[in-house]
Structure formats: C-alpha cells, structure tokens
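In the two complexes below, chain A is the common chain; its partner is chain B in one and chain C in the other.
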Partner chain A sequence: MVEAAGWWPVLVAPALLLAGAVLAVAGDAMLAARYAGRPARAAVAAVPLLEVARLLAQQPRTLPKADRLLWRLGVVTVPVAAVLSVLVIPFGHRAVADLSVGVVWFNAMEVLTWAGLWLAGWGPNAAFSLIGGYRFVAQGLAYELPLMFALISPATAAQSLGVGDIAEAQQGLWFAVWMPVAFAGYLAGVLAFAFLGPFGYPAGRDTAAGVLGETAGVDRLLLQAGRWLWLTSGAAMAVPLFLGGAAGPGVPGWAWSALKTLLVLAVLVWSLRRLPVLRADRYAEFAWVVLVPLTIAQALVPALVVLDR
Partner chain B sequence: MDTVRLALLAGLGVLALAGGVLVFTCDSMARVTFALLGSLCCVGGVVTVLGLPYLGVAIVLMMVMEMVIMAVFMIAYMMNPAGLMPMSMLHNKRGSLLVSGAVFAALVAAVLLTPWPARTGPPPPDTTFQLGKALMGTQMLTMLVLGFALLATMVGATVLATHRGRYDRFGDDLGRRQARDPAGGGVGR
Partner chain C sequence: MDLTAPLLRAAAARPHILLVATPGGTAARLAAERQLRLDGLPLAPTPADAGILLVAGPDCPALRPALDRLWQHMPAPRARAQARTPEAVADAVARCRIELAARPAPGPASAPPSDGTEPPGGLPMAETAPDRDGLSLDQLHLSLGPFLADWPSGVTVRLTLQGDVIQQAEMGEQPATRGTAPFWAEPWARAAAGERVGAGEAARRRAAAHLDSLGRLLALAGWAHAATTARRLRDDLLDGAATGALRPAVRRFARRVARSRTLHWLTRGTGVLGADEARAAGVSGPAARAGGDVAARYRTWLAAVVRDVERLADPAPLDAAYDEGPRGRGDAGQPPSEALLRVLPGLLEGAELAAARLIVASLDPDPDELAAAAREVASRG
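What follows is the complex of A and B.
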C-alpha cells in the first residue's frame, strides 16, 4: 500500500533524485574513460562534479537582443519539471503524493520539457541554439505518441492511473514480462525526453551543442542537470510501472526500489554510448510507421486481458 | 467549498486573465504564445480544483504540446515574430469590443439566471472513472464523430499542403519499391 507521509518526503524525494543523477553522471564518465582506453578510476568519476563548481563560478553569457525572460524560463523549466515528476513515484511504499492521476501527471511534467527546451533554444537569439530547440520539438513529435501508449498499457492492465495502484497490480507477474514492447517503448522515450545518447540530436555536436551551445555558467548547469535528472526520474518511474514497484523478498521495500531504479539507470547509462545519434526526421518516420502501430497493438493486449478478467 | 479552494480558484482565475491580457499586449510571438500557455495552465488548475484532476492535468499536458507547435507556426507566419519592432495584436477594436462585451454579458447572465440543481448525495470518490464512463457510454457517438472529424481534417490538410502524391513517390505505375522522397526517412533506406 502506498501512502503519503508528512512533509519530509518533499525534501527527501528531490535529494534522492539528485543522488541518482550524480551516480549516473559518474558512471557515464567511467564508461567514457573506459571506451577511450584510459583507466576508469574513482578520480575519473569525480571530474563531472568538478565541472559543477566551474559552472557555478562562470560568468553567464550575454548576447545582443536575447529574450532573457523566456531563456531563463526555459532553462529553469527542464530541471524543475524533472523534480516535480518524481512527486508521484513511490520509493518503497511511500510517495510524496500518490495522485489518482499519477501517470498523467508524470506525462504532463515530461511534456513541459518541450516548452522548456524550445524556449531555451529561442531565448539566446542565436541560430544554432534555435535549431537545437526546433530539433527537440521534431523529436518530441516522434517519441511522444509511442511513449503515451507505453504509459497507457500498464495503466490499462492495473485499471488505474495511480502509480501506487499500478505497482500493486503486479503481484503475480511484472508488466515488463508480458508487455515487453511497452517497456522498450518507455525506455526509448526516457532516453528521448532526457535528450541524451542516441537522442542527443537537439544538443548535437554538428550544431556546436545546439540548444546548450549559447548557455554558460548556471544556465548550462541547470540544463545539463535537467537531462540527468530526467534520465533518473524516468528510470525510477519504470520500477512501479513495469518492474513490480517495491515488491521483493528479504530486504525492505525502499531497498528494492533503490536497487531496481539503479539497475534500470545502469542499463540506460550503458546504452548512451552504445547507440549512434538518431536524426529526428529518421526517427520520426520509424516512430510513426513502426513504433506507433506496435505500441497500439501492445496496449490492446492488457485491454483484452482486463475485459476477460 | 472551503476558503482554501475558493482562494485557489480566485488566484488561478486572476492569473489566467492576466495571461490572456498579456497575449494582446506583448510584441513577441514567442512571448504571446507562452503567455497563452500560462493562461491555459491556470485553466487546467481551475478544473483540478473543481474536482476533475484528470481533465485538469490533461489540459496542461495537451496545451503545452499544442502551444509549442503553435509557437512554430506563429513564428513562421506572423510578421515581426521576435517582437523586435512594436506591433499591435488588436484589429477592428470597436467591433471586437462590442462582440466580446456582448458574449461576456450573455455568459454572466446565463451563470446568474440558470436554475442550478442542488447537489443530491456526496461527490463521487473518483471523477476520472465517471468521466471515462460518460465518454465511453452516453457520449460515445459524440467522441466517435469528433474523432473522425479530426482525422479527416488532418488527412485533408496534409493532402492539400503537400504537392507530392503517391505517383511522385512510387512512379506512374506505383511499381517503385522504394519511395523517391526529397528527404530520407528512417524506414526502408
């Protein structure tokens, strides 16, 4: 049973999310060192954290005719939406707010990154940055519908939009086992809304880091943090949606939640450097011609199972 | 209704109106679009406070996507997209003031004059379930007609907008295995 408890989870949930994101960044740095043939020591993992101190001290960039209000708004929206999305994700048997429409809440927060990244691209009044923002919108039109059908599948099977109810409905069999297409579609969506790895096209090297290109200092830190916070939040949401939530033998629920989240996160971080960057126009065709029909067919499966129940 | 919810409703309502005013006073199309988005998010909040959380959150979800796509078109088609020169969003001031005043007066009159039914029994625990039952039951025909109308509009608009048809893509006898497209896609090439 998922319960909302007091005020302190409001502080603990963002702290846990941040800790997961720091682990993901450190793991990514270790993998990068390994693929580059350098020894993957603990010092390597600390390098991105030193970058945080550098960015905090760095001067923000000023550009002619920049729309500073919209730029700041966009930059702040991405990490804030990521933090707001974890409010509905249960850790162990506790969530900050186990809303009756938790899945829709998560989806709405994720869609806020569309607005955030488009604004972050528009704000600085620079061509490459704007191209990055538009690239994310194009990517969004491709990944969003398969992701929505992937989210709807477990909700249909559990007959509830509440994340706690969905976790509880997997007593017998994890949804990942009998809805593998939805699980895969969901994980692809997580990489896409974190715009990392194969979906790093909006911040691609071919456009001088695109949407990130003109940001400096705290702005850049917030956008980069937003990416990794979203990756962690997506991994955490996969646990109640597809991997049975906090259920497990032996150790308490929170330990299972943490373990499963870290495993999903590890798989996602590993995949970042194993897959090539996808162009949004190519992925859009693949998403609409292949993924949308597949995920709709997948959503039909739990619908039929529930009807038969 | 308790005071907290009344205060929330009033606050969200005022913010929504302020966003609506900003839509017509800002110069930049990007700012106009996101002022409208802020206003619509407040409307989503109002619907949530009124006890329909699914509709409220779904309004925010859909409006964010719609406004981002609208921003793309506003900037593509409106003059002065970045608001670097002053421009006015107001046209036909006297006529529109008359029409909007009349509509507002009629709506307020309807709110005050309608004999609203008194509540019988407690509110349902889960309004989302009720909403789903209404959409899939009594309102099924409405939803189906709406769905077909939307789909037909989308297909029609796409057909009108593109100058290339299947004969351009697959050849005169539609025999070409791979479509000849100006931009490469992700499937089959």
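What follows is the complex of A and C.
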C-alpha cells in the first residue's frame, strides 16, 4: 500500500534523485576510464563533483541578440521537470503524492522537456544550437508514441493510472516478464528523453554539441544535470511500472526500491557508450514502422487479459 | 568565507581542453590526444565548454584570426598554450592548469567582441530560394571549419542549407604553412627521396593513419567506446607494438565495427562515390577501392588495418607502386588529399546536414598534405 506521508518526502525525494544522478555520472566516468586504458581509481568517483565546481566557476555565456528570457526558461525547465516527475514515484511504500493519474503526471513532465530543450536551442541565436533543439523535437516525434504505449500497457493491466496501484497489481508476476516489449520501449524512451548515449542526437558531435554547444557555466550545469536527473528518474519509474515496485523478501521496501532503481540505472549507463548515436531521421522511420505497431500489439495483450478476467 | 579560491582549484583539477591542430601538426596532436586520454582530461567539442585552448602544431598565420575567435568565445577562467612539437605538449598542459588554478575570480559576463566580419546579431538573415521540389524555402548560409572537433583543420566548406538539406557546398581557400613532410605519408616521402624504407614500417604507419581516421568517424557517429578503442590501438601501433600483441585486439575491434548493424544502418546510402567516378577525379587509395558509401569506406579501412597489422615485421623494401599511402598515391606532385577535396562538394550537395560531417570524415583529407601542397603552389606562383 502506497501512502502519502507528511511534508518531509518533498525534501527527500529530490535529494535521492540527485544522489542517483551523481552515482550515474560517476559510473559513466568509471566506464570511460576503463575504456581509455586508465586505472579506474577511486578519484574517478569525484568526477561529478569536480564537474559541478568547474561549471560553477565558469563564466556564463552571452551572445549577441540572444533571446535571454526564453533561453534561461528552457534551461531551467529541463531539470525542474525531472525533479517534478519523481513526486509520483513511490520509494519503498511512500510517495510524495500518489496521484490517481500518476502516469499521466510523469508523462506530462517528460513532455515539458520538449518545450524546455527546444527553447534552450532557440535562445542563443546560433545555428547549431537551433539545429540541436529541432533535433530533439524530431527525436520526440519518433520516441514519444512508443513510450506512451509502453506506459499505457502496465496501466491497462492494473486498470489504474496511479503508480502505486500499478506496483501493487504485480503481486506474483512482474509486468516486465509478460510485457517485455513495453519494458524495452520504455527503457529506450528513458534514454531518449534524457538525450544521452544513442539518443544524444540533439547534442551530437556532428553539430558541435548542438543544443549544449553555446551554453557555459550555470546554464550548462542545469542542462547537463537535467539529462542525468531524467535518466535517474526514468530508472526509478521503471521499478513500480515493470519490476514489482517495493515488493521483495527479506529487506524493507525502500531497500528493494533503491536496489532495483540502481540496477536499471546501471544497465542504462552501461548502454550509453556501446552504441552509435541514432540519427533521428532514420530512427523516426524505424519507430513508426516497427516500434509503434509492436507497442500497440503489446498494449493489446493486457487489454485482452483484463477483459477476460 | 571565500569560496572562489577552492572552487577554482577544484575546477582546474579536471579542465576540459579544446585541442586544435594546425596543418602540419599531426605529430603534436597525436601526442596531445594520447596524454589527455591517459590523464583523463576530456576534450571539449566547442569553445563554450573549454577551459584550456591547446594549439598543437606549427604557427599558421592564415589561421590566426580563426584561433583568436575560438579564444574569444571561451568563457573565463581560461588559459591558452601552443605546443609546436610533441615534446612540448606535457609542459603546455601543465602550465595552463597552474594558470587556471591561480586566476582571480572571473570578471563580469561580456559578449565576445565582434571582429567586424559578422553580420549584426551574429546570424545572417534568411533569404528564400526555390528548393529541389520547386517550393520557395528559407536559405541559411553556414560555414564548416576551419576548426571543428574531429575535422581536418584548415579546411573550410561554405554550405547553403534549406531545412537540413545542403543545396550548395563550396570549398574555401587552403592555408599554407611552413613545416615538415606530412606525418602520415612520411615513409612514402622518404622512399620517394631514395631512402630505403621497410614495407613493415609503411604498413604500421598506414594502419595507424586508418585507425586515426576511424577514431574521428566513430566519434562523430557518437560511438564513444569504439572511437576510444580505435585511438588506443593507433597509439599502441605508433609505440611500436608487435603483431602478436596487437592482433587479437585489432581483430576484435574490426569485427565489432564492421558487423555493427546500427552503424551500417546509420551510414548506408550517404556520400556514394563510385569507383569509376573516384578514379576519374584522381582519387586513389581506400576511397577509390571502396567505391561506395560511407559504410563501404569505413569497412575498407577496417580490412586494410587487419591486413597491415599482419605485416608489421615485413623487412622487404617499400614499393610505392604496389603499397599505397594511407590516402592513396600522390600523382604528378599532387597529394592524394587534394583529389579527396575535389570530390567533396559533389558528395555534400543534396545530403542532409547530419550526413555531411560523416561524409567528410569518411574521406578524411589530411590537412598536412593539403598545407604542403598549398605551400608548393604559393612558392611556384
């Protein structure tokens, strides 16, 4: 049973999210060190902190005729939306707010990043940055529908849009087991809205870091933080949606939540450097021709099961 | 409590470095890339992300304004150094890091000063022109180069874009530098001068050159792991590792990249250069042998690397007629990279912007060769 408890989770939830993001960045730095042939020393774990210090000390950038209001608005939106998205995710058996439409809330926050990132690309008044912003919109057109069907599948099976109800409906069998396509589509969607790894197209090297290309200092810190916070939030949401939530033997619920979240996060971080960046023009074709029909068929399975019940 | 000093010290512990090679600076660039990889200092893709501007290679007066522009676009705190030779790299990086840690608090934010060549507002106004379907669409002019991450430095391509489709591509003037022979073609230059050069030595240089090109292409394709592996293998080759030590890693790398369906899916059909068309334009080497798209060209490189790694100990003298340089034969005093530049505009026109960088990287003209050629033209004229 998920309960909304007092005021203190309002502070704890963002702190936990931040801790997860710091671990993800440190893990990524560790993998980078290993691939580059450096010994993976403990100092690598300090990389996220050094990065924060570097960006705080760095002068923010101003460009001629930049649209500063919209630029800042966009840059702030990305991490803020990520933090807001965790409000509905239960940790153990507690959530900040177990809304009856929790899945819709999560999805709405994720779509806010569309606006945020596009504005962040538009603001600096620079060609590559704008291209980066548009690339995210193009990528969004490809990943969003499969992601929505992936979110709908567990909601249909649980006959509820509340995240707590969905976690509870998996007594016995995890949704990841009998909805593998939805689970895979969801994980791909997480990488895509965090625009990291194979979905790093909006910040691609071929357009001189695209949407990140003109940002420095605090602006860059917020956008980069937004990416990793979204990755962590997506990993945390996978637990109640597909992996049985906080249920598990032996240890208390919060420990199971943390363990499962970190496992999903580890898989996502590992995948970041293993694939080339997917060009949105080619991925869109694949998404519409293959992924959308597959995820619709997947959503049909729980619908039929529920009808038959 | 003053937080600025510890903050600056922490920031200087892991600065991001904008590494810029000037034409003729390949050896210094390789030394820098290797050192930064082992020190764990990330390479910045843009000046906005960088704290240190490290110029690798000899002075190039024609490119000085472009370098100064990069410097102007870097946010404080920042430091700048030039390493003209590979030996100077370690010292230059160390000096910059000390300077970064000691710098006083950054000043107020300011816009980079305009150098008078940029139109007001930084971006030219869009004009309209008919596109390929006969519709009237906005046109945008965009220059690639002379300095970009994973780009042949000094090369400039002026693009006219409609949407993300390149309508027109024009090559800019190639800057000339004083300098030594091109690093990658050095064994062939020595053989041409009458010196006895082993075929094994040439194979080693060629394999390293292909791995360098592959590292650039894979980095642009966003495949971080494979790009790092290519650069590690390149450095091992240049360090003189033996065939036996390299074989398993090279084979594994070549197999993984050549068989990657994702990479093939992302690059197939882009930048198609037929074999006959290539030969007619004077292109030789892997680009002509591949006779196809970007995917065909990187697979040709991979096959060549696997073959060359088997021949590292070959004591036979280099026969330049049979054993081509990494970018082909230099016919009639013209370096092979020049022919690669000639076919480039034709390949770029009609391509999408996302494919443009991959097409350039898949041909990978060598800035050293181009600079040497421009030098000869200048001295002749």
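As a working rule, the second predicted complex is superposed on the first by the 308 of 309 C-alpha atoms of A that agree within 3 Å, B and C clash if a C-alpha of one lies under 4 Å from a C-alpha of the other, contacts with A are read in each partner's own complex, and residues count from 1 in each chain.
FYI, contacts are C-beta pairs under 8 Å (C-beta built on N, C-alpha and C of every residue); 3 or more make two chains touch, one makes a residue touch a chain.
A quick note: this is a predicted structure, and the numbers were derived from the prediction, not measured.
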Partner chain in contact with A:G121 - chain B first, chain C second, else both or neither: neither
Touching partner for A:Y35 - first (chain B), second (chain C), both, neither: second
Chain B versus chain C as contact partner of A:D281, first or second or both or neither: both
When both partners are placed on the shared chain, which of chain B and chain C touches more of chain A: C
First, second, both or neither for A:T215, with chain B first and chain C second: second
Contacts of A:G253 with chain B and chain C, given as first, second, both or neither: neither
Partner chain in contact with A:D206 - chain B first, chain C second, else both or neither: second
Chain B versus chain C as contact partner of A:V137, first or second or both or neither: first
First, second, both or neither for A:A108, with chain B first and chain C second: first
Touched partner set for A:K65, first chain B, second chain C, both or neither: both
Shared contact residues on chain A - chain B and chain C: 65, 125, 278, 281-282
Chain A residues touching chain C - in the complex, by the definition given at the top: 32-33, 35-38, 44, 47, 49-51, 53-54, 56-65, 125-127, 131, 198, 200-201, 204-209, 212-217, 220, 272-279, 281-282
Contact footprint of chain A on chain C as seen in their complex: 4, 7-8, 10-11, 13-16, 37-38, 40, 45-46, 48-49, 51, 75-77, 106-107, 109-112, 114, 118, 120-123, 140, 142, 148-150, 164, 218-226, 228-229, 232, 260, 262-263, 265-266, 352-354, 356-358
Touch list for chain A against partner chain B, complex: 65, 67, 69-70, 73, 99-101, 104-105, 107-108, 111-112, 114-115, 118-119, 122, 125, 134, 137, 140-141, 144, 161, 278, 281-287, 289-290
Residues of chain B that touch chain A when the two form their complex: 28, 30-31, 34, 37, 53-54, 57-58, 60-61, 64-65, 67-69, 71-72, 82, 84, 126, 128, 183-187
